[in-house]
Amino acid sequence: MTHDATTRQDARVSPSTGTSPSVASAATAADESPRLERARARRRGGSVGRSRFLLALYLILMLLPIYWLINMSLQSNSEILGALSFWPREVTFDNYIGIFTDSNWYMGYVNSIAYVSMNMLISISVALPAAYAFSRFKFIGDKHLFFWLLTNLMAPPAVFLLPYFQLYYSVGLFDTHIAVALAHCLFNIPLAVWILEGFMSSVPKEVDETAYIDGYSFPSFFVKIFIPMIRSGIGVTLFFLFMFSWVELLLSRTLTATNAQPIASIMTRTSTASGIDWGTLAAAGVLTILPGIIVVYFVRNHIAKGFALGRT
Amino acid sequence: MTKVQNNRAWLLILPMLVLVAFSAIIPLMTVVNYSVQDVFDANTRFFTGTEWFETMLNDSALQAALLRQFAFSMTILAIEVPLGIGIALLMPKRGWQASAVLILITLPLLIPWNVVGSIWQIFTRGDIGLMGWGIRELGYSYNITRNPVDAWATIILMDVWHWTPLIALLCYSGLRAIPEAYYQAARIDRASRWAVFRYIQLPKLTNVLVIGVLLRFMHSFMIYAEPFVLTGGGPGSSTTFLSQSLTTMAIGQQDLGPSAAFSLIYFLIILLVSWVFYTAIMNMQKDDATGGHRHDA
Amino acid sequence: MAEIMLKALAHTYVSNPQSPADYAIREMTHVWHQGGAYALLGPSGCGKSTLLNIISGLLQPSDGDVVFDSRIVNELPPEERNIAQVFQFPVIYDTMTVFDNLAFPLRNIRTPEAKVRERVAEVADILDLVPLLRRKAKNLTADEKQKVSMGRGLVRDDVSAILFDEPLTVIDPQLKWKLRRKLKEIHERFNITMIYVTHDQLEASTFAEKIAVMYEGQVVQFGTPRELFEKPAHTFVGFFIGSPGMNFLEMTVTESGLSFGKLPIPVDPRLLELAHRSGSNNVKLGIRPEFVEVHEEVGSNTLSVKVEDIQDLGTYSILSFRLNGVSLKARLGEEHAIRGEYAHVRFPEASTHLYIDECRVEVGND
């Protein structure tokens, strides 16, 4: 009788004492069943390997021109113009040293960074409230206004070249950082409003209402609660603002002469009567890529969402 | 989301509006003003009406540039959109590899546009460029300063290199938003790879592709710095696009009236084509939504 | 048609598991018989969805085998397993019509179009989807979408089992029972094995003939809804099934018997013997609130307890009381009323269960 009870208890307890897949506890009814046939999959998945291969191929092809630029930047002009070599045989940093010791050169970077930062600051601070208005309220002319904003994204900078030149010249802003920063607002503010509106619309309106009930005023709610909620959206927006201001040439070149000249337009100086200074051109080019790498590194985790502009 | 009617929202818009108006409306008025006048100097000008517009529309050099521009924009769209989708499909979904690929892929987008031109100028030169050298080694006398076909092909290749990442990143973010259950259901339904793409991935990509196609169309239609540095618009005028024609006319020759008229036509074309693209895609989606009449069999 | 056996199956997401806690599924052997309607019930995170994905082939188990009839199918991808799965959120192909959605699995295996039409018509009829066949699937309501995803599982005549992963989560409450009925109807008509994952005991017991209760990666009990209620094999089952859950009294094992604090609890000597032999000090006595006898007057073997609260739930009420510092519950019928500050309760021996190390022990009756 007692013996009977024990076995039953063991049988009951066993499923839950199987703490790890040890061989010992595998003694179950299944082992007594007839021999099992092991089914083999008809299709084999080799597609992951293939897609990695194709992707690697694309990345290598994509990086080749950049590699070549770096390769050139580490060679002296005589080596560049000599026999073609796939890597620098005598690595030299002279091209970089030349740029960093000549204020005409390095001021170009300072100028570019100055107007890009100004533009980012101006754009984001006026776009944040505007995007909030578009995402939360209906008001007279809202749809037309939004559409008009987007048309500014489509305006070719070349169209505005001459009027800008005359406008900034007449108000005495020609050849200043702020001139370029303001000019870039033409496309950067609409872009910022567009992206931020997408991110803000994905924040439920109940958040706003709860905050007002809790006694927040609009400014304190906006700064303390709302902005932290769309942090990643703001990060992504800044990334895009940086990108479009940093890469633009036409307006920044036209609105500056010497004091605020961007690096991109200083680079045209490498071409002189005695030929092109390839090494310096390449080194200057490499240096223009670096800020972009730093910025993209900071937003790398938000980029995937950011490129959907908050809309997926 | 239901929005609240509130006209005080204009107060939030106001700072933005002032800035954009300053950057857009005042200059645009100037352009309109010039386009209907003949300006000799600050004090002497005549009203010309639509004369400059007629001249510009009949200018054979500009017509040719416009055609080139369309050919260029359509070609790069036809290459970059499928290629971008393809790359997005290949990209790893998570882990450090995903981050690394994202950073690398974004690189070309962050290079100043004239530097892109310089990179390709160096890369394609027959003497010191890897690609130029390589093609010559293969036995083809590649020369972008002499042969218009080579120049065209190179500019297309450069644009594909420069901008395909944008489409790829847009599509990648679209793909990431598809819940895993869709793929699992498709496996259980024994869908082929193609069916998964056609019926799951592509429909979810429409939104981002609308953005991608519009952005790419607009930007390619305004392209200036890259071909300017790479080919200078040549050989001849074979790679001279609209922005370059306009810049030459406005800054180089100081033809204020004609270039203003040209500017307005140029802007209107972009607006019109963007609008056509947008409505066409939106209509396609609406058809989808209201249920077309797909054949049952 | 198949019998599904999980043989010494275990799964971990960790590459180098150290302790049982690293396992999402702890080792189990379990059989789902052909044609049964089963539920897999448990709280979120207990491993039930993992188990479902292992059966359907979306996941490969790290240890053990999945056996369909007599074939080990571990290496087979879902598309070769003859399994259909319905997910928590309805998965439909947006751009297709309802008809094309239902036809999709058949067309993927190149079924002749005449046969496709016949099967789709049949399935649409059962699921009441006929009027919607020409509509775009995108514009359907959540319950219609879920029916379409179910329908995709049913159209294939080679399907041996349908797995449901909390399929009613996004369905409006008033439509839930309709869909559940539909499921039962389908089950009776097609004689298909159905495994239904849920965390809702009501859903599980209305749908399933037998329920597997999962807890921390293990099936702690597999039985009919009645068995789960009357004889919970594990304290977790007692706690999770029923509302409110089972009462547990922690026992002290002494030479002479079991006691709850200073209160001696009489048990079958054979159970006492087991408790002694286990050497465990985790011994609990469990009784469902439904079986606690409550009297206003002192009776034979009753214990006086202090009434804490009486919650009136309409047709019955729940009495909370305190015994030796432990809060316990009893269910009172409508006619029952406790007015005083104290009540007198009795735990009938036939309805009490003894748990050693959280597992129920019992002795055979002669």
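Miscellaneous remarks
Letters A, B and C name the chains as they come in the text, with residue numbers starting at 1 for each one.
Rule of thumb we're sticking to: a contact is a pair of C-beta atoms (placed from the backbone, for glycine too) under 8 Å apart; a residue touches a chain by one contact, two chains touch by 3 or more.
Please read these numbers as outputs of a predicted model, since none were measured by experiment.
Shared contact partners of subunit A and subunit C, listed by label: B. Nearest to the global CA centroid, when each chain is reduced to the mean of its CA atoms, is chain A. Looking at B-C and A-B, the interface holding more C-beta pairs in contact is that of A-B. Using the average of C-alpha coordinates as each chain's centre, C ends up farthest from subunit A.
If you average the Cα atoms of subunit A and of subunit C, the two centres end up 47 Å apart. Mean C-alpha positions place subunit B and subunit C at a centre distance of 56 Å. If you average the CA atoms of subunit A and of subunit B, the two centres end up 18 Å from each other.
Residues of subunit B in contact with two or more other chains: 204. Multi-chain contact residues of subunit C (touching two or more other chains): 77, 79. The set of subunit A residues that touch two or more partner chains is empty.
For subunit A in complex with subunit B, the touching residues are 47, 51-52, 54-55, 58-59, 62-66, 68-69, 72, 80-81, 84, 86, 122, 125-127, 129-130, 132-140, 142, 145, 149, 151-164, 166-167, 182-183, 185-186, 189-190, 193, 201, 204-205, 242-243, 246-250, 254, 263-265, 267-268, 278, 281-282, 285, 288-289, 291-293, 295-297, 300-301, 303-309, 311-312. Here subunit C touches subunit A in the complex through residues 5, 7-8, 10, 17, 19-20, 23, 26-29, 63-65, 67, 70-77, 79-80, 218-220, 233-234, 270, 273-274, 277, 356-364, 366, going by the rule given at the top. Considering their complex, residues 1-2, 4-6, 8-9, 12-13, 15-16, 18-22, 25-26, 28-30, 33-43, 45 of subunit A touch subunit C.
Those residues of subunit C whose C-beta lies close enough to touch subunit B in the complex are 53, 56, 58, 77-79, 83-85, 87-89, 91, 93-97, 99-100, 104-105, 108-109, 113, 116-117, 133-136, 138-139, 149, 152-153. Only residues 179, 181-182, 184-185, 187-192, 195, 199-200, 203-204, 288-294, 296-297 of subunit B touch subunit C when the two sit together in their complex.
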